[in-house]
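Below you will find the structure I want to go over with you.
By letter and in written order, the chains are A, B, C and D; residue numbering begins at 1 in each of them.
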Amino acid sequence: MSARSIYFDHAATTHVKREVLEAMLPYFSENYGNPSTVYTIGRTSKKAIEEARETVARIIGAEPREIFFTGSGTEADNWAVKGAAYANMKKGKHIITTSIEHHAVLHACQYLESEGFEVTYLPVDEYGLVTPGQVEAAIRPDTILISIMFANNEIGTIQPIAEIGRIAREKGICFHTDAVQAMGNIKINVSELNVDMLSMSAHKFYGPKGVGALYVRKGVKLTSFMHGGAQERGRRASTENVPGIIGLAKALELADMNMEQHNRKLVALRDRTIEEIEKKIPFVRLNGHREKRLPGNVNFSFEFIEGESLLLMLDLKGIAASSGSACTSGSLDPSHVLLAIGLPHEKAHGSLRITFGDENTDEDVDYLMEVLPEIVRRLREMSPLYEGIRSSKE
Amino acid sequence: MMYSEKVMDHFMNPRNVGEIADADGVGQVGNAKCGDIMKMYLKIKNGVITDVKFKTFGCGAAVATSSMATELVKGKTIDEALKITNKAVAEALDGLPPVKMHCSNLAEEAIKAAITDYKRRKGLIEDDGDCNVCCLRCEDIHHHLNDDDE
Amino acid sequence: MSARSIYFDHAATTHVKREVLEAMLPYFSENYGNPSTVYTIGRTSKKAIEEARETVARIIGAEPREIFFTGSGTEADNWAVKGAAYANMKKGKHIITTSIEHHAVLHACQYLESEGFEVTYLPVDEYGLVTPGQVEAAIRPDTILISIMFANNEIGTIQPIAEIGRIAREKGICFHTDAVQAMGNIKINVSELNVDMLSMSAHKFYGPKGVGALYVRKGVKLTSFMHGGAQERGRRASTENVPGIIGLAKALELADMNMEQHNRKLVALRDRTIEEIEKKIPFVRLNGHREKRLPGNVNFSFEFIEGESLLLMLDLKGIAASSGSACTSGSLDPSHVLLAIGLPHEKAHGSLRITFGDENTDEDVDYLMEVLPEIVRRLREMSPLYEGIRSSKE
Amino acid sequence: MMYSEKVMDHFMNPRNVGEIADADGVGQVGNAKCGDIMKMYLKIKNGVITDVKFKTFGCGAAVATSSMATELVKGKTIDEALKITNKAVAEALDGLPPVKMHCSNLAEEAIKAAITDYKRRKGLIEDDGDCNVCCLRCEDIHHHLNDDDE
């Protein structure tokens, strides 16, 4: 449709990097052995996934035996939350989380509520932050799990994970963090952070879709989620997704090596975009925190317009971005995250999320700033909500 | 969610966007909370809709159904316009994704609301406070959407 | 180690066929969009997975909306068994299955037992068969689920699924079948068979690892297993594994097209191998049924020897095969399937499974029959269990 | 599970396979149910093990540890042989996969059983019916294997 094609939705998913795909390729049709088998081709697969496990462990400061590969970030979250709940239910049935978790954690918690667990959903401030004090105050004698996301997928807010980890450790409560968005963007060391469980998903850091990992600190009690064969030391059944696992590890390795450069670049693109939007477009609001924010995340609400329309217009100009609009999710309620930071429904419907990645350039932002103000103007002209406002502006 | 070419055409080049200052009937349905508002202006002469304009806050399908609805009512008599169903609007657009079907409800209701306003102004009906789709809460619509999933 | 390299373990996993990998490749680094997004590249992914869904549905005689993609065969089994149990627990808590199911079903059932469900594990006869009569007799007023595998992964026995389906339908009980081994080897039409749920896994029919599917008949009550986002019409959360899903559909399409030729070839290899082993090696027993058997499956017990040693020796000759030996699984108990068909432990430990695939040839079998008798002889020479026997033979 | 080169060497070319018709001590441990049986034959002169042979029904690690154990005891005095631990057998093989460590227990026990048999024959000890590893049931060993997994 458009001559340009710019991808600004790296929080939704990323492309698989060339080096990553190359690392994966031999494991589809050549080294395709089942890692649970004893013969040569099976041992080749086994060795490859054990090396992948070592790579992931090294990068996050864990031991290889503490890394378990899963079929997605969602599975890692479901396993961590439900597994810790069931394993500790004799000790208590209270869980602490936040109101802005990804649905993988939120819906798992809601499911647990229907199973008789009690869940405290901590509210967040206008920037999407919880404080360590809030967490501490919510702890009860029967609290068995604290699950707080590392960085939010919509507004990019980064939580004080180390401080929360310290509190959880002091109180002896298992602490899980959904680091699906943080991984590859923030240096993470699970020991320094006192994190007991951590979820990641390869396709968010230039790895393949359909593979994730859960870090589980030695000694953490966790029931199985996926019952079946003896893979992953009997704790996560299914024939291992060998190419996927190789891809996850390779992608994480690249991300870890490029971290500093990646961040410097993305922060520059992010801050410039925020500045220009605020300067060039009236009636906007930056969602999330200005500093405690993922390097590539920009999230704005544009008053009087609806997000999906905005996305479609951007798409027709060759720009791929995202929105907290209900319409994009097939639901009718806008993003629970935007509502949680206090946005009224109509503003939440009119949000735009731009998430930068390694291949984005300053020219991409130039182009965005060329087309975005005009699109916003056009949609506002069409909006019944803008009628009174327009006349006062013109 | 994938839109037909026709939906995209009506979204990109919506027909009859705007207001009619001296409209004979104006109807607004939906609400900002649900993410969809449609406002329709009608000019009516001798029972025939001679001009129509709309303003919409909403998704691509909402814009396109508004546009198509205005095209469908233009030149029609009031009675003919009242017979336009959401199905007709959706069909005229070569279909809508299932999760977007409520947008075509909104278009049907916007036509009705504008005509009701016209009749009320003319004293043709009494204000009977009848409920229309804008009284539905988001959750009800949402529930309705998932009806076919057991 | 060896000049030859022959793969005889297609029931463990298969290589990804060239055409399948080619179909997948564009979805890693080019069409990498998240299918839940509204812009062009996301819609491309969405379209691709919907076409894949249509392909799978067409092949098994289902509607597209009845196909749900998962992260593995194990996940499909876990979802089906646990999901149907929880969704119907108000009606009853009794489940019927067999003692020779794959661990994905068995361990899911055992988990449900710990949750207060009652499970009847139907015994099988010496060939690994259950009868429709057994199933019918086991049905109680509180039976909510029957889960019986289509074909067994170890001994290849094919169950009377249509007859069981008829009974389940008459009694109004939900019927799940684990068709992970049958898919691609047997023509399956879920409507004709009266199956309500069916599991499959792509890597068993020349597709990629880490992707499966669950067929769920419209109207079947099933709770969610993977909680989170609204993917798969809100019933299975996780960003879709787009290349994996494309690969699954392509592989199934190829398998469906080649079914007849594939079967003719595999049955010939299978029957020849069974015949020659029985002729050339004493003290052997064919496990499983002679006719009601997967086309590519050969399973023998070799008395007095242990399976892992046998596999290692075969591997050194370049042959990849499998065993029900406990040692190959890291457990100490041999295959529950071999025990269930009445083998004593020591014979179960000494089993060899050969599963043929599309690339195997008659020459492969020639070579097997060249090396296998000698290996068996050598291991028996080393075995304390063979001492008495040998002298009587020599 | 991956074996070291040394394990594979001892598996493929096991040392001292066979029987000793006039052995001075014979020990058998393990059982077919668990999938591992080791039988060890010793020839002993003046308290020194002068010859040793084995027969094993079991996995690759079982064969290799049997072979290595025979190598380790050959030429040793009884007292030295009794000091050979499962760790020593495993180390001499450049290690064993964790799930296979029980095989090295079996080798240690086979040596002990054969020497006990020798002593018993010589009247050096009384049959005290002491339990050794072969009395363990599969489940116990299995349980033990998973000890480090919480």
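Quick note on the criterion: a contact is a pair of C-beta atoms (placed from the backbone, for glycine too) under 8 Å apart; a residue touches a chain by one contact, two chains touch by 3 or more.
Treat the numbers as computed from the prediction; the structure is a model and nothing was measured.
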Neighbouring chains shared between subunit B and subunit C, ordered by label: A
Rounded Å distance between subunit A and subunit D, as computed from the means of their C-alpha atoms: 53
Distance between the centres, which are taken as Cα means, of subunit C and subunit A, whole angstrom: 34
Per-residue multi-chain contacts in subunit B, two or more chains: 1, 60
Touching two or more other chains - residue numbers and ranges from subunit A: 38, 308, 312, 330-331
Chain contact graph, described as a line, ring, star, complete graph or other shape: other
Contact set on subunit A toward subunit D in their complex: 38, 43, 46-47, 218-221, 233-235
Parts of subunit D lying in touch with subunit C, wherever the complex brings them together: 1, 8, 11-12, 14, 17, 19, 28, 32-39, 55-63, 99-100, 102, 138-139, 141-142, 145
Subunit C-facing residues of subunit A, complex: 1, 5, 7, 9, 12-18, 21, 28-30, 32-34, 36-42, 70-75, 77-78, 102-104, 107-108, 110-111, 201, 203, 208-211, 224, 226-230, 237-244, 308, 311-312, 314-315, 319-322, 328-331
Contact set on subunit B toward subunit C in their complex: 1-2, 60, 146, 149-150
Complex contact set, residues of subunit A against subunit B: 304-309, 312-313, 316, 325-327, 330-334, 345-346, 349, 381-385, 387
